[in-house]
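One chain, subunit A, links the two complexes that follow: it is found with subunit B in the first and with subunit C in the second.
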Partner chain A sequence: MSIALWTIQILLTPLVSPLCVGVIRKLKATWQNRQGASVFQPYRDLWKLMHKDEVMSRDASWIFRVAPVMVFAVTMVVGASIPLFASFLENSLTGDLLMVVYALAIGTFFLALAGMDTGSAFGGFGSSREMTVSALAEGGLIFSLLTVALISGTTNLFTMVNVATIPSGQHVLSALLALCGFVIVLLAETSRFPFDNPATHLELTMIHEAMILEYSGKKLALMEWASANKLFLFMALSVNLFFPIGLAQQATVGAIGLGMIIFLIKVAVFCFVIAFIESSMAKYRFFRLPDLLFIAFILNVVAISLIR
Partner chain B sequence: MFELMVSPMSFILFLTLYFVGAIGSLWVKNNNTLANIWSSAFSIAGSLWGLGLSLVIILTGQTLSFVAQQTSFSLLSLSFDVDLLSAFFVFLISLIGLFCSIYGIGYVKHYYGQYSIGVLGFYYHLFILGLLLVVTAGSGIFFLIGWEIMSVASYFLIVYDRKERENVQAGFLYLVMTYAGTACILVAFLLLYQFTGSFDFDVIRDSLALIPASTKNIIFILALVGFGVKAGIVPLHIWLPAAHPAAPSHISAFLSGVMIKAGIFMMIRLFMDLLQPVPVWWGLTILLIGAASSLLGVLYALTEHDLKRLLAYHSIENIGIILLGLGSALIFASLDLLPLSLLSLTAALFHTLNHAIFKSLLFLCAGSVIQQVHTRNMEEYGGLIKMMPQTALFFLIGSAAISALPPFNGFFSEWLTFQSLFQGIVLLDSSVRWVFILAAGALAFTGGLALACFVKAFGVTFLARPRSAEAACAKESSWSLLVGMGSLAALSFLLGIFSGHAVFVLQNIGRSFRLFQGVPTTIAVFGNQTISIGKEFASVSGLAFLGVLASVCIGVLFAVRWTIYRQQKVQLGSTWDCGVDLNARMEITATGFARSIVLIFKGLLKPSVQQKIEYDDGAIRYAPKLKAVILGTQDVYQTYLYQPMCRVTNALSARVKNIQSGNVNIYISYILVALIITLLFIL
Partner chain C sequence: MQKEIMQSYLPQDAVAEIFDDAAVFEVPSAEIKHVVEELCVRHGAEFKLMTATDERAEHDCFKIWYVFGVPGEHFFLVPFIRLQDTEIFPSIASMVGRAMDDERRIKTFFGLTPLEHPDLRPIILHEHWPEDVFPLRKDCNWKTRPRMESGEYVFQKVEGEGIYEIPVGPIHAGIIEPGHFRFSMAGEHIMLLEPRLGYVHKGSEKLFEVLPLEEKITLAEKISGDSSFGHSLAFCQALESLSDTHPSERALSLRVVYAELERLANHFGDLGAIMMDTGYSFGGAHGARMRERMMQINERLTGSRFLRGVNAVGGVCKDVNDTEVKALLAELQEISEDFSEVIAVTEESVSLLNRLKGAGVISLKIAQQEGLVGVAAKAVGIARDTRLDYPYAAYRDWALADIATETSGDVYARFRVRIKEAHASIRIIQAVLDQLPKGAIHPKNKKVTFKKNALSVSAVEGWRGEIVYVVKTNEKGTISRVVPRDPSCVNWAALKHAGYDNVIPDFPLINKSFNLSYSGNDM
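And now, the complex of A and B:
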């Protein structure tokens, strides 16, 4: 039973994440008066890319070849380290909040190195911008998770969701501030508006797309998939840490099924929120982004000072 | 067997190995090859002996304390006191010394014919001997002798490559700073002597009640400045980024990995051991200094494009992280939360060990690159991963470890430091809590910025295409360099995987302190390398993380490579270049990579832009011949702290000069007046 559950937990992230991307794209298209592609289009794209031949730069080293696997694998490991649909599963080995933050940093590390590896001007600048944004997002990320940890008295993410935060009425203000901070960090870490434009290939604006410009075929598929995974993980963290309702409490088929459905509904609502944010604001100038990230950090400092 | 190992005899023999190594190297200095063999053989033998000795002491808990010789001066006794803390630092010195010595065999060869290898060996051995005396001396005066041997020997190692003017200047700056520090330490010991009547550490510990609180505070400030100079805390760090790069690379590794820890060692010895109990503000001060050092250290590192200076600034950052652990240990101890204090001390000790390993590794890799490319300027590197694959792999491991990426060792000590800061936020009140929040914030940003800095360092050095002719024809280094680097890289990995065992041993070292006798522990360690803190507060396991990551990687690779579309063809092409000819100048540079972060922190870093334009037609200034933009940062410490201090000192000296007329009669009258005043005091 528990082996089956862990298998579901690990596979859930890569299976559902392309759907989230599809839903967000569809919603954005609707609000832009376009018809838009089907919500399953990301799956088709991945399938297509998986069946293509590749062109690789002559200057690329083994870092370029290893990076897609590493970046993708790290998102799956993190997927196993955070609560998704069940809170009775326990992970005291890799489920620590700092472990999750630094595991995600492994992905950023390899992604940025891969961007520099081919020696193109775009890749280098993409890496530079990515590292700037993610370095400054680190404070907000750790502190918003810390706020929830302080409320619940543990830094283990699985144990954390057993203590309801916003719905319970305790420390509501702190939790709300931390949620605001976390959403800002989410937008930065997953290359969304106002930090980055996920749909662009224009040199001056891109961050994430610039780094993976030289990829093609299977490696590109893995990179795209990994970034969808990352989006899914951040959404899962925000819905489960701040609204930990409906998670399966015991290992019965009914409870797990219900937990899964409620979890997917929560994620769908969050997709709606992200699509709404993206449709209603413009991309910021690069040097205004630090202000936003420092705001995320300061919101959390205020949140922590309010606890107790 | 163990009794034989841990005996005064064996310890003296251990020190003698270095002494013979030093004298012998000087003796055979006319023959470079022989001097190299002699010096390496003795330092490797000494390091192995030291490793065995210190491991036995640490694992069996059997301490060693003896007086080698009573001298005719009553204050100076050659007494050694090797407790678990000393043994831990002996272990550190021997461990890093071993791999630096192996590395040195091949590395010093490029100095043949330029400088004397025998002299290098002499100072190298003397330096290690001084360090060993510092961490094992049982009395203040004997300690100071060791401290001086260490300082002077390291000065000569820094100016070893003396043909470059820059190195000699760096050495001078080091000498001035280190003596300013030693002066403070000397006064601190004299104050201790004044009230306790002894330089002996044991006597000081027992008669601590005799020291008034105000004097204790003065001693704290003096010791903090004195040992802080050696450790390289902000703002006393200015010698460090100049001096560490100047030395030969295996010496730089030793300076950055071990010597600055001598300052940390004495801070732990004095504040956690000898002077306990201490007021809360001591810990708060150290915590704030730690936060400032870690954040500023990494920011300055980002501005650098000299590889070794970049690494030197990271030493300042990591000293800051160690001080975060030590500072919270002091605060918890003052507030009588001893189990948490032990947790923080363990974090500090673990980070001391980890930093020694990965920083030496990075310096050795830097040395391997510099030996091939003949410059420390990163803008002339590039593409070295193809020419020097092993060095690149080791540097990558070092980068991952220093950026605290799991499962390497740096993550686990930073995790413990974070956890001890979190405990402070959970348990403490008001202003003390704010300091902890500030420190945790500084540590969080430090982690992110360090990652950015090492993406820059690795990417610009090893990836893309070579930016200079030297980089294009670089070759992999010889076996001794690779063995030195490879062993440290393996250690960095193993200490991460087996972090549970390491934490267990280090916690026992902490528990040997008088302060922590019989204190329950907060850290529990399990067989699968899980380290857990408090009652279900936090837990983490390096082995499990590695297991999950490795199996997922294999699974993904298997699925993508061998299951889906196995007939895939991969062809090589050139990087997309927008239709122009691709050249190395189109790659991102080290300065360019970090420029956006530098601009974001422009309030702290004070970036400067200098434009240099030369015209063909000077008078009209219409057709420019050459345009250059020089990007740099202003050294705020030099401008706002050290230069004003220099000016004041010079002005005072100019005043004092007035009493020197050059007339002998006047000098004789000065002597008479001094004599009369002295007599008046005595009578």
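And now, the complex of A and C:
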């Protein structure tokens, strides 16, 4: 039973994440009066890319070749380290919040290195921008997770959602502030509006896309898949930490089934929120982004200071 | 009467030949700088363009032509100099900024050297083109393929700590025309931008000399596809002036309708594209939708989404019947309300306005120095509009109430100018359609013969800005030279100033707010 559950937990992230991307794109298309591609299009894209030839720069080093695997592997590890549909599972090895934050940082690190590796100007400024944004986002990310940790008295994410403090009405204000901070960081880390435009074709404005501009074929597929995974993981973290309702408490088929359905609904709602943000506003100017990330940080500091 | 006023602008001893609204007079080579200065400074004439002709076969000389316009008086002054036994002429680039690239073009295409010109690198033609083959000389056969050369283009360089270069293009990630941009950067800030164009050079000017008449009009439509009607209109007007053809009142009115329809389609498209580039997808989607609606109206009226094949010498080929007039009037009302509604929503978006305001500012001084035209000039407050300054077609009767201008010179100003112009266009079309004169639209079976040794200048306010055509005939009365001047040629030179000191992620947006044509520049 336990092996089966962990298999589901590990496979859930890569299986569902392209669907989230597809749903967001479909919603955005609908709000632009367009028909849009099917929600399953990201799967087809991955399939297509997996069967394509690769072109690689002569100047590319081992970093360029290894980075996609690293970035993808990191998202798989983090996928196993955070509560998705069940809270009774235990992971004391990688389930700690600092572990998760810095595992993700390893992914960002390799992504940025890969961007610079071929020496293309686009990759270079993509990496530079990514590091600027993620360095500023780190504080907000840790402090928002820390707020929940302080409320629940543990830093293990699985235990955190088990304590289920927020629905019980304690520290609601702190939790809400931390949620706001977390969502801002989420948008920055997953390259969404108002930080980055995942749909743009304008090389000069890109952050994430600029770093993976040199990739093609299977490596591009891994990169795309990894960024979809990251989006899914951040959404899972925010819905489960701040709304830990409906998570399976025991290992019965019924509870797990219900937990899975509720979890997917929560994620779907979050996709709706992201699509709504992206449809209703313009991207920010690059030099306004630090302000936004500082706001996230300050919100979380206030949240922590309000506890007790 | 007009002749007397024209005479007052000329140097004292000059003898001018008058063709309709253009006065052509010869100036000794040594005096051209003085004459240009007189015209610009004392008389306030506007420099339009300068070009050359190869008349070695007939007159054993090259001629350099300087075209000036006098906006208040609605006519053009064309001094020219004769280059006999010499291939060097005095440069006026130090006095007239806009002449800089024109002189480079003369150098590249005719092999005539402007003396004391600061930048003599070839323009449009790249290194693989041999430097001693001058395509616009008459003895250069357009059907021969020149040998392949190689070389390196030297970009301007910025020195300093931490300065790095970003090469962008000529192939871009989006589906746009090819052009190379070289940015010198300090962090995210643009220190220097040097556009390098010429990737879509098609030899249009040479083709104008060899194609039969009907195909010349088709060629004019393809100088810049999005301004098909503006270009064919300017070209046909020049030909009408050369052949003393006078289109009917109805044809002149319909030309106004079509020209404004083209403006509407492009302004809607541009407004959408500007918003799309900031990531504001609501506005982007609606801009694209409204442009498509205009294109479908164009197709319904003329059978061509780009209004091609509509203009002919002597009138237009597509009429609009009474039922269509009613339908179009109703539809325009609807479009006007629709447009106002979309704009009202976008003007509420703080995030959009924040991106548009303050980005890509061009100062009035630079705009005047570079001779900016069209939407970009109106956005810095230069109230110049060919429809008022040199009225043509039925604009003589349907003048604009006022020219849409803004003062801030940033992306937002160019955005606003387009909105105002779109509203004005709808009003103009409505007014013209309300009182459409009756009659034929095109004189049937009239053979077109051109005046001999004549020159004609024609200007049209395309949606992007002023389109100028200079057409010249030779001793046999055949067209020996056509010089099309798309507004892009002028505004590309000014774009680099708009980029300076902006952050590079804003550059695509700034570029889009100008939306210049690569094809129209490269020809």
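Throughout what follows, the second predicted complex is superposed on the first by the 306 of 308 C-alpha atoms of A that agree within 3 Å, B and C clash if a C-alpha of one lies under 4 Å from a C-alpha of the other, contacts with A are read in each partner's own complex, and residues count from 1 in each chain.
By definition in this document, contacts are C-beta pairs under 8 Å (C-beta built on N, C-alpha and C of every residue); 3 or more make two chains touch, one makes a residue touch a chain.
In this text, all values refer to a predicted model and were calculated from it rather than measured experimentally.
In the superposition on chain A, A:Met70 makes contact with subunit B only, not with subunit C.
Of the two partner chains, subunit B is the only one touched by A:Leu222; subunit C is not. In the superposition on chain A, no contact is made by A:Leu237 with either subunit B or subunit C.
Shared-chain residue A:Thr200: touches subunit C; no touch with subunit B. Shared-chain residue A:Leu19: touches no atom of subunit B or subunit C.
In the superposition on chain A, contact is made by A:Phe287 with both subunit B and subunit C. Counting the residues of subunit A touched by each of subunit B and subunit C gives the higher count for B. In the superposed pair of complexes, A:Leu46 makes contact with neither subunit B nor subunit C.
Of the two partner chains placed around the shared chain by superposition, subunit B and subunit C are both touched by A:Phe125. On subunit A, the surface touched by subunit B in one complex and the surface touched by subunit C in the other have residues 121, 125, 286-287 in common. Subunit C contributes residues 164-168, 172-174, 188, 275, 277-282, 284-286, 289, 349, 351-352, 354-355, 503-508 to its touches with subunit A in the complex. Those residues of subunit B lying in contact with subunit A across their complex are 382-383, 385-386, 400, 403-406, 411, 415, 418-419, 422, 425-426, 434, 437, 440-441, 444-445, 447-449, 451-452, 454-456, 458-460, 462-465, 528, 530, 532, 536-541, 544-545, 548-549, 552-553, 556-557, 560-561, 564-565, 568-577, 582, 584, 586-588, 592-597, 599-600. Residues 28, 31-34, 121-122, 125, 193-194, 197, 200-205, 278-288 of subunit A are the ones that touch subunit C when the two sit in their complex. Taken together, the subunit A residues at the contact with subunit B in this complex read 10, 50-59, 61-63, 69-70, 72-74, 76-77, 80, 92-94, 96, 98-99, 102-103, 105-106, 108-109, 112-113, 116-121, 123-125, 127-129, 131-132, 134-139, 141-143, 146, 149-150, 153-156, 159, 213-214, 217-218, 222, 286-287, 290, 297, 301, 304-305.
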